[in-house]
Structure formats: structure tokens, C-alpha cells
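First the structure, which I've put down as C-alpha cells, then a few questions once you've had a look.
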Amino acid sequence: MTVKVQREDFDVGAELAAMTRGKTSIGGVTLFVGLVRDMAGGESVSAMTLEHYPGMTEKQLEAIEAEARARWPLDDALIIHRYGRLEPGDQIVLVATASAHREAAFESCHFLIDWLKTKAPFWKLEATPEGERWVEAKDSDDAAAARWANQDGDQKG
Amino acid sequence: MTVKVQREDFDVGAELAAMTRGKTSIGGVTLFVGLVRDMAGGESVSAMTLEHYPGMTEKQLEAIEAEARARWPLDDALIIHRYGRLEPGDQIVLVATASAHREAAFESCHFLIDWLKTKAPFWKLEATPEGERWVEAKDSDDAAAARWANQDGDQKG
Amino acid sequence: MKVLYFAWLRTKIGVAAETVDLPPEVKDVGGLVEWLKTRSPKHAEALANSKVVKVAVNQEHVPYDHPLSPGDEVALFPPVTGG
Amino acid sequence: MKVLYFAWLRTKIGVAAETVDLPPEVKDVGGLVEWLKTRSPKHAEALANSKVVKVAVNQEHVPYDHPLSPGDEVALFPPVTGG
């Protein structure tokens, strides 16, 4: 169960290998990798700077991860989120969850990224041809997170 | 858009890198890695042999992948499924989907593994202390696949 | 017509494939499964419960009322368990 | 009391953090936000729409009726956009 907030890039293959090495109780791992897109809201994006709230970020990510572990039977969970300057194609975030059961791995990974998007204190500043602009929060992210609000973990197959 | 049916192991990090290299339109990639568990139905499993139907396997996986591409706006999709003898902890299957939108990536990846589990002609033979036994299909897998039967792709954010 | 068997259908019947000459009254998948049962006690036992005998014709999943043509590749197998 | 600003609240107000002496009538987060608006025109403009001003106290998200204590670390920021 790990949370990392870092400027550096991460190696998804190495993180997955570390998560599963020597463990034979894991039936499936679901991973989500978020990347910087070159387009947002119809405008081209040449770079992005991620600001965060050191201290609170780690605290929130750990709380979100603990919530996932309470809801689903997980062998392991990992969140890595970068900050600082990123370019299109760069990796921003990795969420990975391991469970004996694939539904638990899928749902908990989905839950983690949805909650992270509304609770972890990160803010994106995009560089566009029109200048820099702060990304606005999306209603669809609130809706995605709200789905999980009154729902217990589904532990089927 | 790739389907591979192979005896050899695969490198998730390398597959992800190949999928995203040079592409800046992808907002997220969801991956699912299925692994051999050391326990199944309360019995310990020392090894597993995956039999398949060469020809039909590729055809079915390609059809399932085409269905996912028709339902969701995907930049890319990948299915790798192994056959032959595997041991606990070994990787069995990789499903990865890339999209501008994370919901599309999550749902299409989930769809692919659920459909694969009921349509791709693979059969597992487990070696247990009691001898070899063919794994029985699970009702929960049919139920998981049925969820997608009458449902269009959800293309939100 | 070529008939393929997989997984425990293969091990119970004892062959992975056989070529059969269908009598003219066998017109669909359901008829083929019934007729195959008459070939040997092993066939009869393996195919006894049609709920767990799935069929593909020319590598596509089909229901029991699917019609058969002489050149078809037919495969019989238990419910799949991959992934 | 230490007040931190992030993202466009920081750039609009022009500082990342400030230490303020709260008057005794300010008892909760909502009162603090109203009082901060009186500190300068920049504060007033940045904090004008409270729907997009979120607050954390001691690094936990809190609603506007959350009470304040002298030693609290208070942060004001727009809705988060990570992930």
C-alpha cells in the first residue's frame, strides 16, 4: 500500500513487477495511467504545470487508499502522482490495485482515480497559444466521484 | 489495435510504452493483468495448463476488440493471452485500452476482459494435490459479461 | 465433416479430432450432437449433458439450431474458462 | 493564523501564504472568507464567488460552517483538477 507524490517520471512495468513479485494470491491487477493530452477544451496545449499542496496531498491520497482497502479485498494498492512541468504524452498519474478477484481490482482502481480527481489537492496550469490558463474542474468528475459515495465494495468473482 | 495469442510471457511496461509512444491524444490507459493464483475453489494449485482453439481464439479476440472500438472512442486497444503451462504468479492475460477519456478507457477494458472470459476459447487445467482438474466456468463470469449485452458505450469525461 | 473436441470433451472422448460422414437426416448442430452420442459409450458419456457442451461452427459460437453444411469445421467444447 | 492560497487564488491575490490576526468575531471558515475579502481589492475579487473557493483546515477538506481555532492551518483553493 503505497502513495508517492513526485516530480520524476515513473516506470509502470517496474511498479507492477514490484507489486506482484513473489505473490501468488493475486488474481488480477488493474492499472490506470493518466497522460498529458495535447488538446483540451478545443485548444492545443504545449505544456502543463501541476501545482499541489505538499502535506495535504499525501494525507488525502493515503485516506483515499485506506477507503479503497476498506471497501474491497485488496492485496495491494499504489498511487503515484507527479507535480511540476509536464509535456503532452507525459505520464501524470498511476493507480494500480491488486486483488484475488478482478471485479474488486477494477472497481477499486476506478474508485481511486475518481476520488483522487475530486479530493487530491492538485491544480493544472495549461500553456496554450492564448497564454497560460488554470484548468477548470469538470462536473463530470464530480458526478463520477459521487457514484461511489453511497456504494459498498462489490466483491463478486 | 492488436491481438496476440502466445506461449511466451509479455512485458506490460514495454507494451504500454509501445501503445503511447509518440501519441499525445491519449488521456488515459486502463490495463488489466490476469495472474495465476495458487488457490482456486479452496484447493492449492501448483500449475495450470491453458488449452485453446488456434484460429478461433484470434478470431474471437479480434471480434471482441472490434466491438469495443465500435462502442467507445479508443485510440488503441491490445489483448495478449497466453496458452500452455503456467505457474502461480505467472501472467496469463493483458488487456489495455487507450482513450482521450478515462471513462471510455475503464469501461472498454472492463468490457474486454468480461467478454473474453465468456467468448474466447480457452480452457484451464489445474494441477492440484488431488490431481488434474478442468476449471469449471463461473456463473459470475456470465453475469459480468451479460451486463454489457444491452448497453452502449458511455462516453463521458 | 471435421469435428474437433477441446478440454474435458477431448480427454473423455479420447481424440482431439475426427472426420465423420453425417447421415442425411442430421441437419443442425443439435442433430449432430445427438448422432455423435451413438458413436461410442465414451461419446455418449461426454456429451450426456448438453448444457455444458458448447459448439462453434467455422470458429463462431452457434446455438443448437444452427444448420450444418458439408464443409463445416465443427468444434465441441465445455464453457470457456480463459482470462 | 496561517492562510495558504493555491492555483488562481494564489496568482490573483499575489501571495502564496499570509499570517493574519483574526478578529474575535470570526469563528468559522465562512466568516474567515468574508473577512479576508476586506483585506484588499485583490482579495475581494479572488474570493468573490464562494462556489469556487474550497477550504481545507489542517489539510482536511471542510465546509464553510467548520469552526476555526487559533493554531489552524487554513488553505483556500479552487476545485481540484489533478489526476
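In this document, chain identifiers A, B, C and D correspond to the written order of the chains, with residue numbering beginning at 1 in each.
Operating definition for what follows: a residue touches a chain if its C-beta (ideal position, glycine included) is under 8 Å from a C-beta of that chain, and two chains touch if they have at least 3 such contacts.
The shown structure was predicted, so the numbers you read here are calculated from the model rather than taken from an experiment.
**Student:** Just to be sure I understand the contacts, which chains border both chain D and chain A?
**Tutor:** none
**Student:** Quick one: chain B and chain C, Cα centre-to-centre, how many Å?
**Tutor:** 26
**Student:** Using Cα averages as centroids, what's the distance between chain A and chain C in whole Å?
**Tutor:** Chain A and chain C have C-alpha centres separated by 47 Å.
**Student:** Nearest whole angstrom, what separates the Cα centre of chain C from the Cα centre of chain D?
**Tutor:** The separation of the two C-alpha centroids amounts to 72 Å.
**Student:** If you average the Cα atoms of chain A and of chain B to get two centres, how far apart are those centres in Å?
**Tutor:** 22
**Student:** If you look at chain C, which of its residues touch at least two other chains?
**Tutor:** Residues of chain C touching two or more partner chains: there are none.
**Student:** Using the touch definition from the top, which residues of chain A touch two or more other chains?
**Tutor:** If we look for residues of chain A contacting two or more partner chains, we find 34, 113, 141.
**Student:** Going by the touch rule stated at the top, which chains touch which?
**Tutor:** Every pair of chains meeting the touch criterion: A-B, A-D, B-C.
**Student:** List the residues on chain A that touch chain D in their complex, please.
**Tutor:** Chain A reaches chain D through residues 34, 50-53, 55-56, 59-60, 81, 92-93, 113, 116-125, 134-137, 141.
**Student:** Quick one: in the complex, what on chain A touches chain B?
**Tutor:** Going by the criterion above, the answer is residues 11-14, 16, 20, 22-39, 88-89, 100, 102-103, 105-106, 109-110, 113, 138, 140-141, 143-144, 156-157.
**Student:** So in the complex, which bits of chain C are touching chain B?
**Tutor:** Listed in rising order, the residues of chain C that touch chain B are 4, 6-8, 56, 59-61, 75, 77-83.
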